[in-house]
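Heads up, the next two complexes both have chain A, just with different partners, chain B and then chain C.
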Partner chain A sequence: MGQVLINGLYSGVQYALIALGLTLIFSLMNVMNFAHGQLYVLGGFVTYYVYGVLGLPFVVALLAAGITLAVVGLLFDILFFRKVLARSARDESTMLLATGTALLLDSLFIIFFGEKHRGVPTVISGVMRISNNIFLPYSRVLIIIISVAVIVFFILFMKYTRCGRGLRAMAQDREAAKLMGVNVDRYSMFGWALAAMLAGLAGAMLVSVSGVNSGLGTWLSIKAFIMVMIGGAGVISGAIIGGLMLGILESFGSSFLPGNQYLAIFIALIIFLAIRPRGLLGRQ
Partner chain B sequence: MRFTSAVRKVSLGMLFLACLWSASAVMAQDVIKIGVLGVMSGPAASWGLVNRYCAEASANMINAQGGFEIGGKKYKIEIVSIDDRNDPKVAVSGAERLIHEEGIRYIIGPNIDPTSMAIVPTIEKGAAISIPYAFSKKLFTPPAKNSILGMIASYQAGPVIYKYLQDKRGIKSIAFVARNDSESLNQRDEGVLAAKALNLNIVAASDSYETGTTDFFPVMSSVVSSNPDLLVISGAAPADTPLLIRAARELGFKGIISTETAQDAKVISELAGDLANGFISVGGASTPAIRSSYMEEFIKNYEKVAGEWNDEAGTKVYALEIILNTIKAAGPAALTDISLFMKAIDTFSMPNPYLKDNRPLRYVGLGDFTQRRQISVPMVVTEYQNGDFQTLFVGEVAN
Partner chain C sequence: MNRKQKILLLIVALAFYLVLLPYLCRDRNYLLGVITTASVLSVISAGVWLIFYIGRINIGQGAFALIGGYTGAIAISKLGLSFWFGLVMAGIVSMLVGIIIGLPLLRLKGVYFSMITLSLTETARLTAQSLVPITNGPNGILNLPLPGELSFFGITLIPDFAKVNKHIAMFYLSAFLLIASYAVLYRIINSRVGWLFRSLQQNEDLASSFGVDVPRLRVIAFAICTFYAGIGGAFFVAMQQSIYPATFSVQDSTYFLLYCFLGGLGYVFGPLIGTFVLYIGFEMLQGLNEYQPLIYALLMIGMMLWLPNGMLSLRLPFLAGKKSPLGGAK
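== the complex of A and B ==
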């Protein structure tokens, strides 16, 4: 049971990192970014080349992945979403655009990175033996620590900085924020960069444990949506809780309902949404 | 002046006609189109892409020699590839396009049971032959006759590997873990039957993981706790295998790990490193100890097409070569009439160009399918050691 819980917490903190970016975009621009999993994958590939191929330190690879993905997020906003949002008020337009960008990225990944699963050497080797039946590799301990640090930094940033307050104001009421002098275009751009960076960092960390391949994005996007739906769309604390819950549910499902864990998770999700359609902490 | 202008116009016209003629002469060169249908996107993309790269690399080698000769005439080889996304509906529409729009009679792929089964009515109606890399016996056993297994099936490799490990390494207990899809679960069930036949103690056979899983600690925690001598990863995708191995080793598993599917040494090396030493899998013709100079040349061509070598290709290199040589043996009419191809199957044999020993490359399957509906791909059982596969032994399907 202890191993199951630890496995769940490990997955959960990474999922929380992925869900944070997705929920940030949704709260700022009401955009369901179906390409969020692909951003994660891109972060993994950047790390693969910087850390695995070029042999630079892992910290450099993390920074490279974060910066690259922030730029990609900016380009997403400037080249695609801002233009479509300016011309169409329909949610379907951005949903189609997000699906299109996901497919585009999937194809580009295959062309540029190939079909193979990529991995990098373990950052820290060795396994921590917590008890006779509970193991935790040090590489996972490192990822848990970095993930929690990034989440805490993100929360503090959103709460105590001028930029974070601006983003929260936009998330609450975009028009009111605009009237209060918030430069919504600039903040939207920043929100995209931040969200993409979070996904990229998650991918960068995961590549050292799980590796990455061109086709992972869609399934990760689906998982990210499950987390956001559990926690409540557009709420930061909801994304964190949703991520942790999915990680723990997966872990328990693997142990006690082998082969049927996702069937059970989806059934539970349907029942849960029927009772509480806005998720645990979602807005009315 | 006018005369000069007229001469210039006539000259230009002649030049244009000459260009047109030479272009049409090139275009008129006979072409054999071969289809590749398989998963080329998503987590299992490497399965279909390796098929495609193998076919393209082989076609490039043949075309560089001026084409493939059938009935005294040389044909250029053109590969037409379609991604079926491992989706039976997409596979059916892909097969329809290859057969009815492209006029193709010979298709390499698909990669899994659901897609391979789904296209059976289409290939039967369209008088085409497919070379699937899926193991369901229904595909190859009468009344089915249009599918030919392109590799060694898990139920053929499994018993051989388990017996070898039982005799040479003294394994007594076995556990299985499989991906939660019909193909892998079917392979696991076949493995369980084979283990029972060898009187091995099956300590775990119900654990599975979902497609797209990146953290295998949860599923491996359960399997490793059963402490088997041999842990079999059934139907493992090359992307998942090293992660499963790594999770098992990090959880303290000391026994042997094996799979019956082809893997790639570089992927294993990057993701599992030395933790994968001793891992046993089934390869093709790619280990240096057994490959011929023709295989070396193929590897170079493969690298040109795909950018880098993939050990999975060692088991998938055979399809185009044997299709073309069987058509050659059956005569040019077999290019459009697959019944002639089917007649030639029973007696067809050629030296295996990819192995040093040039053992016969033919059609087998009488034992498992009661008819010859399998390419006699050698069963090269390999062990991973420090970044490379070492050949343990080379077996084959008997008949």
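== the complex of A and C ==
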């Protein structure tokens, strides 16, 4: 039981990182990024090459993944989303654009990385013994620490820096923020970069434990959507709660209903959404 | 273009599709198969289009096609029913699941609805994989028999597919499904219900304030959409004579969006044109199959950037007739 909970928390903090990025983009631009899982997978591939193939330290790989993804996020905004957002007020067009980018990344992964599952050597070996029958490998402890640190850093950044205030203002009311002198275009770009970076960091950490392959993207996007739907889109605390809840549900599900855990989670989600269509903390 | 010209164009198009195409392809079974597949995919796309029409994006059509496919396959292989019964059952089961799921989910707006329908496709696949006793799990259901004879009081309406040229038979069955489904769709869109659907697309709250029963209409549209998916899925499975959990995936669900979008969301025949152009066009480019997802993705992004109203919005003289009377509603 304790072990199941610990495993759930471990996946939960990583999921929270992904959901944070997704919810950030959504709150800033009203765009649901259907390619978020693919960004995560890209982070995993960058880490695989920098850490696994080139043999550089893991920290360098983390940074490389973060920076690469930030650039990809920037390009997404400049090349695609900005143009479509400027022309069309309906969120249908950005949604279709986002599914297109997801398909694009998926097919590029297959072309460049193939379908092989790739892993890297563990960052630290050894297992931490929490109590008599609860174990946690140090590599996972490291991931929990990094993830929590990134989440805390992100919250502090959003709360106390000038830039974070600008982003929050934009999330509240884009027009009003513009009138108050927030450079909306620049902050959108920055928001995309930040969100993609969070996904990249999460992907970089995943590869060190369970490896990465080209087909993971869609499935991870779907998980991210489930988290956002549980917690409520556009709310930072909602993303964190959604991430942790999905991690724990998944962990309990796979120990009690092996094979059918996602069917169970999905049915529960439908019932939950029938009662609370905006999620736990979503804006009304 | 007046009414007479429209009817003339329709007759020419039908004659081409029903007589000339099968005649030209009589020795090319592969090509006929491609056209048959395009026909059935356009039936499934028609459902997606209808949901677009009421202002939602359904990325879960693959799930309902899969449900229909499995229903048909199980009815034929495990329950020993005839294909014809299985086909109708597939549509109805898929529609019932659509209604049950749709009742709570259609309350969700915009991205929420799209997110949950996308998750639905993946859930359907996982369920098909894990419900081994019913679906055979990842191995799928193989060696399904061809559709048998359909007779009514001893009069053979449709001969046993195994006894005639099965490629031609499959083609005509798909053509029948296509014509029936688009005729129904056209009738719906140009009826009072069509006006109500357009009102949902533009503003649900306003429509509701005028006394439109918004929740009921949404469920009706979704029921039609999932019925099409079920029928299409079952036919596709009968044609392939096998089904796997991956027969309809998230990628297929995305392709359906692209088909509708390429044809144009404001036109009843948009998904039909989109599916035929894209699917058949692609089969012509042999050797590029490996890059199909990449090209589709670039096409989708390019469409969004440069041609947001679809192909039928290009004002070419020979396409103008395909426009529905109220096509420019978007």
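Everything below uses one rule, namely that the second predicted complex is superposed on the first by the 284 of 284 C-alpha atoms of A that agree within 3 Å, B and C clash if a C-alpha of one lies under 4 Å from a C-alpha of the other, contacts with A are read in each partner's own complex, and residues count from 1 in each chain.
Everything that follows uses one rule, which is that contacts are C-beta pairs under 8 Å (C-beta built on N, C-alpha and C of every residue); 3 or more make two chains touch, one makes a residue touch a chain.
Everything quoted here is computed from the prediction, not taken from an experiment.
Novice: Quick one: chain B and chain C on chain A, clash or fit?
Specialist: clash
Novice: Which holds for A:S210: it touches chain B only (first), chain C only (second), both, or neither?
Specialist: In the superposition, A:S210 contacts chain B only.
Novice: Touch test for A:A233: chain B only (first), chain C only (second), both, or neither?
Specialist: Second partner only, chain C.
Novice: Would you check which partner chain A:S27 touches, where first means chain B only, second means chain C only, and both and neither mean what they say?
Specialist: A:S27 contacts neither chain B nor chain C.
Novice: Quick one: classify A:L96 as touching chain B (first), chain C (second), both or neither.
Specialist: Once the two structures are laid over each other on A, A:L96 reaches chain C alone.
Novice: Does chain B (first) or chain C (second) touch A:K83, or do both, or does neither?
Specialist: A:K83 contacts chain C only, not chain B.
Novice: Have a look at where A:Q38 lands relative to chain B and chain C in the superposition and call it first, second, both or neither.
Specialist: The answer is neither, since A:Q38 touches no partner chain.
Novice: Thinking of the overlay built on chain A, is A:E250 touched by chain B (first), by chain C (second), by both, or by neither?
Specialist: A:E250 contacts chain B only, not chain C.
Novice: For A:D106 in the superposed arrangement: first (chain B), second (chain C), both or neither?
Specialist: The answer is both, since A:D106 touches chain B and chain C.
Novice: Classify the contacts of A:P137 with the two partner chains as first (chain B alone), second (chain C alone), both, or neither.
Specialist: After superposing on A, A:P137 lies in contact with chain B but is clear of chain C.
Novice: Given 41-49, 113-121, 275-283 or 293-301, which part of chain B has C-alpha atoms clashing with chain C after the fit on chain A?
Specialist: 113-121
Novice: Common interface residues of chain A with chain B and chain C?
Specialist: 106-107, 110, 218-219, 259, 262
Novice: Which residues of chain A touch chain B in the complex?
Specialist: Touching chain B: residues 3-4, 7-8, 10-11, 52, 106-107, 110, 114-122, 127, 133, 135, 137, 140, 206, 209-211, 213-216, 218-220, 250-251, 254-255, 258-259, 261-262 of chain A.
Novice: Please name which positions on chain C make contact with chain A in the complex.
Specialist: Its residues touching chain A are 52, 55, 57, 59, 101, 104-105, 107-108, 110-112, 114-116, 118-120, 122-123, 126-127, 130, 250-251, 254, 257-258, 261, 290-291, 293-294, 296-298, 300-301, 304-305, 308.
Novice: Show me the residue ranges of chain B that touch chain A in the complex, using the header's touch definition.
Specialist: Spelled out, the residues of chain B in touch with chain A are 40-46, 49-50, 180, 206-212, 214-215, 217-219, 221-222, 225, 238-240, 242-243, 250-252, 264, 266-267, 270-273, 306-308, 310.
Novice: Can you list the chain A residues touching chain C in their complex?
Specialist: Within the complex, chain A touches chain C at residues 26, 32, 34, 80, 83-84, 87-88, 91-93, 95-97, 99-104, 106-108, 110-111, 218-219, 221-222, 225-226, 228-229, 233, 259-260, 262-263, 266, 269-271, 273-274, 277.
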